[in-house]
């Protein structure tokens, strides 16, 4: 059994020799810290943490589905924001994508993300089928 | 096999549609970033990083035990502090809860946690029985 | 099956009752946030993020090999830098140690690491044999 790289249509992937958005090993899924940009690394959602988080979760959903799973197969997310005032926005976006017992979650405020305009970055771990 | 949510008496759990403190998948345990507050989100341990870390580890212990395990079944912790001067306090608290070969551990200083009064947040991954 | 502590020659290990650099559980490997210092906690690589990242990756490689694996058995890394200007340096170092589909990766800028002179800290998760 070896790692499988998962790509999803519409989810911007960086060039070779950088990182994979998503890898699968058996039923376990790892998703890189995803941010709200398009294929040209142009910010999606402007200076709005809710809209950025919605974009990020839509990317994560696409990756989970491309891996054969669904959002509720995520067991843990880590969310990094650049200002703790964005926390309610990010929680609102999270409320709209999970059901039942929500995943474990850590949210901390960091100094900065890849680009100054990025307000939130979210990574995830899941197990296909684990969500029932 | 599906995710099981683990709750422990005395460990404050946030409301529905937010996050789970702890989830179990097979023998693997994920614990959210835990902080030193009570059920009303009132800070426990005041402005003292050692006392806050002690509370956080007591919550993590309760969750591990509720999951059928023990502290030494934790293989990795991540600790976030809001000032690197708290590192000795957090290490002291950690020394008091593990035995043998300590878990892998990452500690970084971040800009802020959920509430300004929170000085430390700790998350964990474990495997029931892995600690021997 | 219980946790096995992995030590590698040349990789500075902290004293007892602190943390383990690396633990193995079955085929899964956890590596603590590693930094660029020697056995006396003297900085290696000076004030140069590329050289520090090279040192960190060399430590991670040694640990993966001591565990019976290789760099490409890493499925996820998390990188913490103290200034986002170090990102190109850290990416350059990463480019030199992985092949094929790179691991999932998260990079955020934090306020500070264990010592003020440390510019980068990297942790990893892997599965022996997963890299093919």
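Read from first to last, the chains carry the letters A, B and C; within each, the first residue is number 1.
Definition applied: a residue touches a chain if its C-beta (ideal position, glycine included) is under 8 Å from a C-beta of that chain, and two chains touch if they have at least 3 such contacts.
Worth saying up front: this structure is predicted, and the values here are computed from it rather than measured.
Asks: Under the over-half criterion for shared residue numbers, do copies chain A and chain C use the same patch or different patches to meet?
Replies: Different, since most residue numbers here occur in only one copy.
Asks: Rounded to the nearest 5 degrees, what is the angle of the rotation that puts chain B onto chain C, matching CA atoms?
Replies: About 120 degrees, rounded to the nearest 5.
Asks: Could you tell me the distance, in whole angstrom, between the mean C-alpha positions of chain A and chain C?
Replies: So the centre of chain A lies 23 Å away from the centre of chain C.
Asks: Among the residues of chain A, which are close enough to touch at least two other chains?
Replies: 110-111, in rising order.
Asks: For a test of understanding, state which residues of chain C touch chain B in their complex under the given definition.
Replies: These residues of chain C touch chain B: 1-3, 5, 16-23, 25, 30-33, 78, 80, 110-114, 121, 123.
Asks: Can you list the residues on chain C that touch chain A in the complex?
Replies: 75-76, 84, 87, 91, 94-95, 98, 101-111, 125, 127, 129-132
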